[in-house]
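Down below are the structures I want you to see.
Shared between the two complexes below is subunit A, which has subunit B as its partner in the first and subunit C in the second.
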Partner chain A sequence: MSAEYDFKSFLLIKVVRSFVMVFIILTIGFLLIHLAPGDPIEFILGGAGFYTPEFIASVRERFGLDKPIHEKFVIYVLNFLRGELGYSYVFGLPVVEVIAARVPPTLLLMGTQLVLVIVVGSLLGILAASRPHSKLDYLVSSLSVAGISMPIFWLGLLLIFLFSVSLGLFPAQGMTSLRVTGWWEGFLDLLSHLFLPTLTLFLINLGLVTRTVRTSMLEALRSEFVVAARAKGLPERRVLFRHAFRNSLTPLITLIGLQLGWLLSGAVIVETVFAWPGMGRLLFTSIGSRDYPVVMGIFLLVSTAVVVSNLITELLYAYVDPRIRRAK
Partner chain B sequence: MVREFWLRFRRNRAAVFGVLTLAALSLFSLFAIAFSRYGPFELAADPFKPPSLQHPFGTDDLGRDIFVQSAYGLAITLMVGAATAVLGGLIGIIVGSVSGYFRGALANATTAIIEIFQSLPLFFLVLVIISFFGSSITNTILALGLTLWASTARIQRGQVMTVKNLTFVEMSKLVGEKEYNILIREILPNSVQPSIVNIAYTASIAIVVESGLAFLGLGDPRMMSLGFIIGNARLFFFQAWWMGLLPGILLFLTILSLNLVSDGLNEVLNPRRS
Partner chain C sequence: MNDAVLRVEGLSTYYYTDKGVVRAVDGVDLVVGENEVVGVVGESGCGKSTLAASVMRLLQPPAKIVKGSIFFRNVNLLELPEEEMRKIRGKKISMIFQNPASYLNPLLTVEEQMVESMTLHLRISKQEAASRAVNILEKLGISAPDTVIKYYPHQLSGGMKQRVMIGMAISCNPELVLADEPTTALDPTIQVQILEQLLELRKNLGLSMVVITHDLGVAKAICDKIYVMYAGKIVEEGKVGDVFNRPLHPYTYGLLESALSVYEKDRPAKFIDGAPPKLVEEIKGCYFANRCFNKVDRCLIEYPHPSFKNGRKVYCWNPVGD
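Then we have the complex of A and B:
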């Protein structure tokens, strides 16, 4: 009973801490953006000077740019609590709407890539660890380091050159073609557009997963429960996949959970290289046009996602490992 | 101790390859800059010239020599990596040591700050800082250094917490050694190795982020950077493949060597982890 109580208070502490984290991130982002030089009014009007001062003042008032910074902050926090992130200077639409329209493409890209990376990376990691110091192990390990070290935008360009320019197999830009009709044709078209950006992210992140799984598999294969499983005469495949791999799940969860911010930053670059209409590309274009509310909204959304995924990771950890659950 | 370190380090052939490659890249950059006839922004020949003896990496859309550009870019890339590692490393070791050694409010506050910085999405934060405060090289290094210290601090904190309870530290306390001396002379030398490994990894992350920013056009416009060259090459990739290919290989080799060296350091300095 006391263990259950401990877990509840553990949960409560973690959740409260996450809320505090989000608030701090909100503050940091707000301060950064608003203390920075540059006047957004120029970007709203598209080059001031042709407008009367009265008109400029009225626009300032309409966007709330005339208020002092602490008032802006209070308004911002209150709006945030109501789920409002202000209006985009460029699109004239609510920030939430602007961002929401760009989330599905990013999720599609990240999701496809993550599933592939986890499955293939785990298999390669298990294979490499099952024959340590073999040729296969060296090959997998070398490819992992190479993948981790590859500049993502450069790899993207190489793949475009190979698959689009030289072979003409896959489109290099965008998510859909304009002249495609019918849902089946549309689906195939989407897949062919998805191929290159997914492959780029896949090749970059594969090494990370492979290395993690390999390291924890090696550790597990040295441990007593694996020796016991082998002594029982279980087939090697079962020992590897059922007994030893289970031990790699926690590091794998940690990797994915704690590296979400890093994985998403890869998406910004990949989306820019491949003109993928997702959130990363929106962030890039919004920075260019000083669309403060959208930049802030994306920063906030990504940070919150990172905090939430850290929280889930910690809770999964605690759920899996009672030592952490009790240690608070 | 240095000798012993080297004897163990050189057993890792990949790490030795990394050290040699980094040395070769630095020398290449230094000599190419010292003996080049043009500046990185200077027009050297006709635009879009493929690689030749005179221009080993070819020329870009304006006729600038990409070999010279790459040499300058490499120098900047290495400098950003080193400067960030030093800045972030110092902050990390200081904050981590303070957080691990002392108790009470100071420890709680520093631990909270470390945790906050670890939860911030680094690339996005740097992107926001750079784009709003201007993309000078100083801003880039500051933004990277001020965000990339948290992982080092966390590792240092854990190390100090372990070392401070060891017998020899307790002994010094009993003998009446000053706290300051204990921290600097006894705890720091015995706890800093894993942090050094992490700082080496930090340098490669800094280079990855810096080149990514420069690729997106958010680098210092007055400084040539490998990321910038590749970003520019992207626009002309269909007509001039060489513009991005060779600078990309240099960037890849730099990051790869750094990662190999870090792995080697990890094996020697951090035997528990590997």
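Then we have the complex of A and C:
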């Protein structure tokens, strides 16, 4: 049917638009970084004052820092299309390798907390909405507000104080311990390191998801098709999940879409507090050391992630709501 | 009176709002016999829909049933635990709603929505339920029902949506159907078709029905018995012919007059002046007294006792034509 064709062209337009967006982001990011103050040569040589101007010039030439900005841009774009992002000034390794090593820890941390937040937040939101103005509703709402308004680094420090310093239950730093052998022991060790940073992010984000789901559920529960579903004699659980929750998914998808973009970068503070070896901390240290290629690489990766998650969000809307699927 | 399908006795449903208690349904008695179609007519806001929702026990706070009983086949529905009531909803008593566009779930196909109540109440497989659904839609005059069943509500016309709603309501062979303004949201030509459909169902399935409507034409076309409701109370009841040909209550009289003036151009338009009382106010006498052309002194002091006449009942101190 023609609807099928419409959907394909809809998808094509979105994908093309996403590519254009990534290119624009690349341009803006490139300009921003080169307009920012600070000279990477200082950090490459560790104090340029000790070297002769000839030596500095030769290093500049070796890293291509002497070329005019438009030439650097063309080289960067051509490399980017080949999947290369240059070399890190600090590590002396290809940027792709440097970043790639930091992606899994961040994905692990953010993925774990995102799944937990979505599942627990949705359930709490549904529960609160199904009994509005009950004690449970007030409890959930107050906890949500507390979570939203708490500064993340402070919560992280409090949790470290409680669980690591006072109770000694969980490690406060890093992702793995040295001297742990065996697959199972390694796994448990990873989990215990994962606990505190995940809990911190979970508590901060939980409120947002809970509030969003509660609000949209309350709205859905007021709709007439929910009355009709009850009039059919459906069990309340089925009314809540199949009829009301499905119809309240759109705001949640929007929220998750926004969070997905943050997946790769949003952990900067938490990763710094807990010394988690992920991309957030890499970004933080790279900015400090003017490691332009790495900063640019992370910037591109995060922007691409945001663009892709927007695309996924739109496709999810269409998947959930047949009315969007049909329109254009 | 044990043969009644539905017997509502002294039912009162109040809304507890911030502004006060709204007595939306106030001591209503209503009887629906076997294979009988009973109409409840009255202007908007008189409590008709609250009455239907009370019978289904579908009220949400701040609405609450405060007294009375609702006997369905001699079982008081108000005393049933929720779980038992749930098994009656959609199976023994089902409901057709006013606006099919908003009472159908936009995210589920016709099939998904029709099948779920059948698999639940009739304990049949999804495939069986789906083929039953196709049959029902075909009987309701939908051509190509096996295509329509895969559609989402937004792909259907208003008339088709209402047919789907009706199909859903009758899919589990109910004994009683409550139709709340079943034709109000539809075009006039479709209204006629839907009315014919309802009449047919009543004949073929032996259904009992309560039709709630503000449209006197609808009531006249399909009902056996009429209850006229005003400000939460039944003011007059009787056989449809009697009530329409010789209304006793001044409100019924005015309602008929104003309806007729719409259809007959030569007839001078007659309106019932004023508005129904806000149901929050405590009123001593007849609720209609402030708008009544036939009122006597007693109307302002005491609520009318019912008077009976040839199987008719009217709550009025000074009925029309006496």
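Here is the rule we use: the second predicted complex is superposed on the first by the 310 of 328 C-alpha atoms of A that agree within 3 Å, B and C clash if a C-alpha of one lies under 4 Å from a C-alpha of the other, contacts with A are read in each partner's own complex, and residues count from 1 in each chain.
Keep this in mind: contacts are C-beta pairs under 8 Å (C-beta built on N, C-alpha and C of every residue); 3 or more make two chains touch, one makes a residue touch a chain.
Keep in mind that this is a model prediction, so the values were computed, not measured.
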Inset, instruction - Based on the superposed arrangement, let me know which partner A:Gly233 touches: subunit B (first), subunit C (second), both, or neither? - result: second
Inset, instruction - Would you check which partner chain A:His243 touches, where first means subunit B only, second means subunit C only, and both and neither mean what they say? - result: second
Legend entry - Contacts of A:Ser303 with subunit B and subunit C, given as first, second, both or neither: first
Inset, instruction - Please work out whether A:Val74 is in contact with subunit B alone, subunit C alone, both, or neither, and reply first, second, both or neither. - result: neither
Inset, instruction - In the overlay, answer first, second, both or neither for which of subunit B and subunit C A:Val268 touches. - result: first
Legend entry - Touching partner for A:Ser223 - first (subunit B), second (subunit C), both, neither: second
Inset, instruction - Kindly classify A:Ala146 by the partners it touches after superposition: subunit B alone (first), subunit C alone (second), both, or neither? - result: first
Legend entry - subunit A residues touched by each partner, larger count belonging to subunit B or subunit C: B
Inset, instruction - Return the residues of subunit A at which the contacts from subunit B and from subunit C coincide. - result: none
Legend entry - Contact set on subunit B toward subunit A in their complex: 14, 115-116, 119-125, 127-129, 131-134, 204, 208-209, 211-212, 215-216, 218, 227, 230-231, 233-234, 237-238, 241, 244-245, 248, 251-252, 255-256, 258-260, 263
Inset, instruction - Under the touch definition given earlier, write down the residues of subunit A that touch subunit B in their complex. - result: 21, 24-25, 28-29, 32-33, 36-38, 145-146, 148-154, 157-158, 160-161, 165, 260-262, 264-265, 268-269, 272-273, 283-284, 287, 295, 298-299, 302-303, 306-307, 310
Legend entry - subunit A contact footprint on subunit C (complex, rising order): 56, 58, 86-91, 94-95, 97, 99, 102-108, 116-117, 120-121, 152, 154-155, 165, 168
Legend entry - Touching residues (chain side subunit A, partner subunit C) in the complex: 223-225, 227-235, 238, 242-243, 246-247, 320-323, 326
